[in-house]
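Each of the two complexes below includes chain A, the first together with chain B, the second together with chain C.
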Partner chain A sequence: MYFILSGSPIEIAFHFYPWLEAHSDPVAGLNTLSSCMDLADLSGDGENCLVVADLGSSSSGSLGSGMKLKVFRGTSLVSESSLLDLPSGLVAFFMDLNEPRVPALAVASGPCVYVYKNLRPYFKFTLPGLEVDPLEQEVWQQVRLGQIDTVALKDLLEGIRTKSELPLSQRSLRFLSLEPENMEEFVMMHQGQPIRRQTVITCMGTLKKSTADEDGVSCLVIGTESSEVYVLDPEAFIILAKMCVPAPPVVMDVSGQFDVEFRITVACRDGAVYILRRDYDKPKYCVELSSHCVGLVRVGKTVVVGCSDQTLQGFTQKGKRLWSVPLPAPITSMAPMRLSSRGFSGVLVALASCELRLYQDQWVLNTQRTPEPVTALTFGRYGREDGTVVMATQGGAMLVHILRRTASLQKPEGGGPPGAQSVRLNVPKKSQLFVDQTLREREQGPLMHRAFHRDLLRTRLRTAQAYSRALEASTGPSSEQGPVKLHAAVQGLGPNFRLTLYVVNAAALRPITGLSLCMLYDPALYTVAPPLLRLPLLAPGLTYALQTRVTCTGPALCDVIKVCVLQEGRSAPLLTAHINMPLPEAL
Partner chain B sequence: MGLFDKLASWLGLKKEVNVLCLGLDNSGKTTIINQLKPSNAQTQDIVPTIGFNIEKFKTSSLSFTVFDMSGQGRYRNLWEHYYKEGQAIIFVIDSADKLRMVVAKEELDTLLNHPDVKHRRIPILFFANKMDVRDSLSSVKVSQMLCLENIKDKPWHICATNALKGEGLQEGVDWLQGTRDLQDGLCLCYIFII
Partner chain C sequence: MEVSMDPLFLAWSYCRRRKFQQCADICTKILQDGPYDQAAWSLKTRALTEIVYIDEVEVDEEGIAEMLLDENSIAQVGQPLLPMTQSGRPITGFVRPSTQSGRPGTMEQAIKTPRTASTAHLTWPSIPKNLIYQGNKILSLQTLFEYIFHHENDIKNALDLAAQATEHAQFKDWWWKVQLGKCYYRLGLYREAEKQFRSALNHQEVVDTYLYLAKVYQRLDQPITALNLFKQGLDHFPGEVTLLTGIARIHEEMNNITSATEYYKDVLKQDNTHVEAIACIGSNHFYTDQPEIALRFYRRLLQMGVYNCQLYNNLGLCCFYAQQYDMTLSSFERALSLVTNDEEQADVWYNIGHVAVGIGDVTLAYQCFKLALAFNNDHAEAYNNLAVLELRKGRVEQSKAFLQTAASLAPHMYEPHFNLSILSEKIGDLQSSYIAAQKSEDAFPEHVDTQQLLKQLREHFAAL
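The block that comes next holds the complex of A and B.
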């Protein structure tokens, strides 16, 4: 055993640990989510960078300080620039066909998408404003003209808020939340500007425009707080398509090409997953989840959803559930793992119990410990290595794991349904008799059921009767009349046997006297000497062993010898035992 | 130089040595081999190797046949088919690529544990290449990260190199020529030749 372990540590390691821990920086200071992380070749030299939209540190006072766009190359941070607003998504995408093929970055924050080219701000796209209640607009107009004061304004806005179908604008809501002494100042400051209602981007994805190439031009797909999904043209930044979903989308996955056919899978805040398709402005399919979605990943034709009830579920593209697996801890992050060079696709799931799991369908291929819970992870080409997973942990550390070239990504043996399940049963063909019988059963089911029950009850009654008769006649091995128990043992091969009878007085205190044992047998087959044994006084609790010789005289047959326990002055035996004699072998 | 070597050089015979040149992609294997070739045979533009190339060059006493293997992930499984023929190994490391040092170590461990290499005293020359790049690791650091001190049954040597300028290459080739194991293995051949 020692030799095996010391002789081949490498082979053992290959098999169990597919990841090489390439880099770990515990003080990288990353605070981000999977949606704000991407891998892209920003310099065009074949060496991919990690681009992170950092949410900043929430510890240093207000949320929204130190929001940065960070670029990592290899083990070091190469670029850092400030972001104006809290980012909600980051994607790298090709917006034109210019050479060299360097992708642009899109950072979604608030109602805007900021597009960066060569890490410089290039374009800002703002989502169209939402419809404003005309009454609200009217009220603010009057304020500007000085027709109503702040108290009246407050009352009017309160009224609009309760009655109107449209929600109030940001400004009105802010105004209503103010203390009365600050209202005047607020109104003075803002009354000059037109009133607007803006939505907020909740998630972002990319969709290839017309070709499926790796570096094809892509459209941006944006999900908003107002429950809409937009597809943007990459060059002119106009809205190509607008779709509505029943609730604000949270996570999305996009596949296909805009000009050909595409699917947008969105998990929404109402705990359902909707599948949108080309030429439909409403969801085509809907999946009601058992609990809220925390992560959504598409692997081939399967949509894998991580739910907040600690399950991982697989669905078809039409929303049919294929499988569901329970997880030991809540999911903190998910990412697809597509390795085209090896034809592998799976899902990486990070759990709150500091684990990184690799799933292929419902099978766990590998579990790797991480020093801390992972909050963001992405898989792809980093540096020059194709199979790399980059992670950001709760404490801000950055971890890079590289897949071993020799790692086996096979489903574990014994995974999946047991082999017996796939064996076809030898079901006989349906005969005419079978069909007739089935028809009869269908038509006269209640009658047959009743007949069966009648017979069953009758059998039970017979059994009970026979049992009570046996008890009354004391022909069983235990007796109702006296607390005497009897059991017997036969020794020997034959034709001579020794029959040992064990008698116990099971009474608590009283001894029994005047008992004898009597053997009843077929005299043609056996002789028993002596056939009658007198029992001594039976003290309670003791076992008395009595022996008698049985000789087989007749032909070699098995027969029963009855042993009766008799009491003086009683005609019926106290109890009877039946002893099955063995076949005499020597005859 | 031994008697046979002198004899061989008088006769104009040079010993043939098969050398495998291994290492990750973009570490500079082809560039190094290109630098070792005579200046009139050198090429100007180096492209990523597909599969492998066979190059020949001569030093004062040896005639090297180098198998310049491709380091790309999808071609690395070709390496092991040539281990048997190799009488020496040149392992090139990109000392500026800290992230993939662990991958280089992994490939080296696989190489050292291969049955065709494991029980042979085959000399291994390490080139810690790209010394000119800023932030590159020193040869000592590289040998620490690859745990070279654990190689006890094979002669090995590490040189810091800059293949673009050819710095440090000659030192490594001189070491390779002088290793006893390479000499011993070849002496038998000369006896037959003579």
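The block that comes next holds the complex of A and C.
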């Protein structure tokens, strides 16, 4: 099967599915991680290969079998060579300026970096050893000289292990874990060699040396179990820089050039992301994550971190969090997706729920189903196709998807956070006056409080007085004695008005009888017909509208007409309303 | 022996000291002795005119009749602007037509009715036909015109006089053209008025003419033309305060408060004691949630000697919202002592009620809102707030009745509708709730809570 497409296929109806499933090999037998996968033009003919450092079959139980360096070209496996130790990282990088431009491969495993050129072993770089406890050295020395036996050795080493600040060397630890009958043999085998304590490489990346070109010479950046980050010279393989982080690094991302300025973003085992800069041997910025990091990718100036609490979080280069989106399932793998031809950069996130998601910032652009959870993925040029994602799944299958050339990579209209979230609230600026006033409040708080309370008491008194006066005069639209309410409307331009009075019985249940409405007015100004209205039985909750006619007879002045609600057998009105009559507007 | 002052000089002096009544009295006495004293006639006319003089430019409130029967305006009448007075309010930035004190209902009335009741009447024979010659003999024509126009309020005769005068001046005197325009305006002949004012402007650029013409355009419901005219006027009279104020007012009426504030600020640059500009900027700051700045403006007014109920009311409210509690209640107290009518009193009580709600004193709030209603039976906001308090007391029916009243009094307010909707929804009357929510939506389409309630109700109906 050939997946290299020539010419644009006709795809009008399927713009929503940006991926073409180009190749799928369910029995490829890949068991790897994203960090052990890379795409590189190893033959120099412009056709990129997939290079995988296979972790070997995990089903066999022991880790020491089947670790291989595999190279795929097109749909077939073209090369396979054994690895000595479990790989922890694989990168393709240019180590010199020789033509043709063919990158070298660096495979990190254990304490060493194995460099391959033209798929042949070329160089082995071993990290410098760590300091060994002199007591431990002394003990082994004595063993070699036959001064102590294995039982004494065991006791001594155990003593050192509990007391010493430095951890024991690998050999001593291995010895202590052996059964007593195997100890003798082990000592015989190893006593001749000098004792060393080695660290282990945990992650690896590349850093351009002095130019930002695609095929510029790159340094290797190595993170170790001893919480250090090294930058190696690509030609001489000497350590150019050594930096310390507070915990062993797990994932790293490198940007910039070594000779100019660079940033190494490392997620460490203490659940924090550290950002290292040139000329600093300590982290410049630190981001404490809410949970452990499972993947770290840099997109433009944003560092995207996938966390084990099923979130994807974006940070600035200074460690300020920009956004966080929840995911439906745990992340299994992440890779950056940079498509320079279209100026696009995003993040591919594979989830345990068999999904491959494409994120641009916090927006999901696309979700693609995969047959199995993806454990490793990488995006780049494969074969002659620029936008290709190569995946290895949990079951060992290899999947190749190609981005359609017509695929739309626009942010969805309705996607992302709701629009209201980005609307700035219309909160006024904090004025200097406001600040001054708060200062005054702070300084004269008790004084203000006292003044306010004095005023409040006075106001209460004054209000109560006014209220009682109003009650006595039965002004106010609803009486305190009865639940009758009254409001009025005046209609007309004058001199003839219609006065409509709305009466409501607001009692819950009881109807009211025997009420009448009486109008009080200045007879020199108005005539009201009729001046007295008898109210029918007022059922609770209903509004009764009563009308009367007011004619302005006097000079064009406005006056108040009082409306009293009277009850039979009571001398005082139930309530009184004052109606401000409008001026008659004779045209 | 006492040397008495020449009575005519005394009258003149009174006139200059704006004691017009005394001036007119002395003139009357002089005229009793010699009825043909032209100076006395002239002075008396002028004094009587001054007593009732209203700045024509400022007077522009339409009566209800005119609003309803006006065929010039295109927009719907009486559609109030949206939620402006939803919570405690400084009554307005500024009460506009402010020449005469006391509110006789509408200002228009103050212009229209002849002021017979209180002021003296010049005994004048009915205006003869040959006005010009007669007028020339006794009074200067201008004085005569102003007397007829302002004191007699006899626009028809004033128009006759002005028409003859302008003819006499061979249509070259801008002053008479302006007077003609004023008469036409008063008579509602706006197009004629426009012609006269335009013509007057061709003869002489005068600020007043611009103002009159802009008034005509506003009455014709052409605010943009009026704005352009004001800007034209500003080209001739840069920085003229009245023109700037005119622009600001038009912006304000078009609900473009931001630009209005800009122009008011320009006004203040020219005249830093302009009460209207200060008050309007203050109220704008208040409604854009900067009470501390509003406070600063109102205090400026206080320093300038403005001393009335509205100002203290606004001060109190600003103090409360700017957390200057020690000044709040004392300001309201002073406002209460300065009230001139029941509506003001109702507004002050309403605002005190707001403060009471703010500090959680429900009893005080209740009494205050009740008092607001006692003084102004149509205070819809007070009804609404009272309803909420009643609901808190558990008196649902009472609360509902208050809300219904508030809703019928002020259908343009969304709060009563919304509250009624919530209340009805709580007691299970979904139909009423839905109707009220729809009304609330009509009044305030962007109100999120209303939208949510409507959505919830629709879902509920769909589920049934």
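The working rule: the second predicted complex is superposed on the first by the 400 of 587 C-alpha atoms of A that agree within 3 Å, B and C clash if a C-alpha of one lies under 4 Å from a C-alpha of the other, contacts with A are read in each partner's own complex, and residues count from 1 in each chain.
Here, a contact is a pair of C-beta atoms (placed from the backbone, for glycine too) under 8 Å apart; a residue touches a chain by one contact, two chains touch by 3 or more.
Just so you know, these numbers come straight off a predicted model, no measurement behind them.
Visitor: Scan A:286 for contacts with chain B and chain C and give back first, second, both or neither.
Guide: The answer is neither, since A:286 touches no partner chain.
Visitor: Is the number of chain A residues in contact higher for chain B or for chain C?
Guide: C
Visitor: Does the superposition put A:463 against chain B (first), chain C (second), both, or neither?
Guide: second
Visitor: Between chain B and chain C, whom does A:86 touch in the aligned arrangement: first, second, both, or neither?
Guide: neither
Visitor: After lining up the shared chain so the two structures overlap, which partner does A:21 touch, if you call chain B first and chain C second: first, second, both or neither?
Guide: A:21 sits against chain B, while chain C stays out of touch.
Visitor: Go through the superposed model and pick first if A:488 touches only chain B, second if only chain C, both, or neither.
Guide: It touches chain C, and chain B stays clear.
Visitor: Answer with first, second, both or neither: which of chain B and chain C does A:247 touch in the superposed model?
Guide: After superposing on A, A:247 lies clear of both chain B and chain C.
Visitor: Touching A:583, do we find chain B (first), chain C (second), both, or neither?
Guide: A:583 contacts chain C only, not chain B.
Visitor: Between chain B (first) and chain C (second), which, if any, makes contact with A:352: first, second, both or neither?
Guide: neither
Visitor: Which residues form the common part of the chain A surface touched by chain B and by chain C?
Guide: none
Visitor: Along chain A, where are the residues that touch chain C in the complex?
Guide: Interface residues on chain A, with respect to chain C: 427-428, 431, 433-434, 437-438, 440-441, 447-449, 451-452, 455-456, 458-460, 462-464, 466-467, 470, 475-478, 483, 485, 487-488, 493, 502, 504, 506-508, 540-541, 543, 555-558, 577-580, 582-583, 585, 587.
Visitor: Inside the complex, what are the residues of chain A that reach chain B?
Guide: The contact residues of chain A facing chain B are 10-11, 20-23, 74-76, 341, 382-386, 400, 402, 404-406.
Visitor: Could you please specify the touching residues of chain B with respect to chain A in the complex?
Guide: Touching chain A: residues 24-26, 73-74, 76-77, 97-103, 106-107, 109-110, 113, 135 of chain B.
Visitor: Spell out the residues on chain C that touch chain A in their complex, using ranges where they run on.
Guide: Against chain A, chain C makes touches at 63-65, 68-69, 104-106, 108-109, 113, 117, 288-290, 292-293, 296, 322-326, 328-330, 332-333, 336, 342, 349, 352, 359, 361, 364, 367-368, 370-371, 373-374, 377-378, 397-398, 401, 404-405, 408-409.
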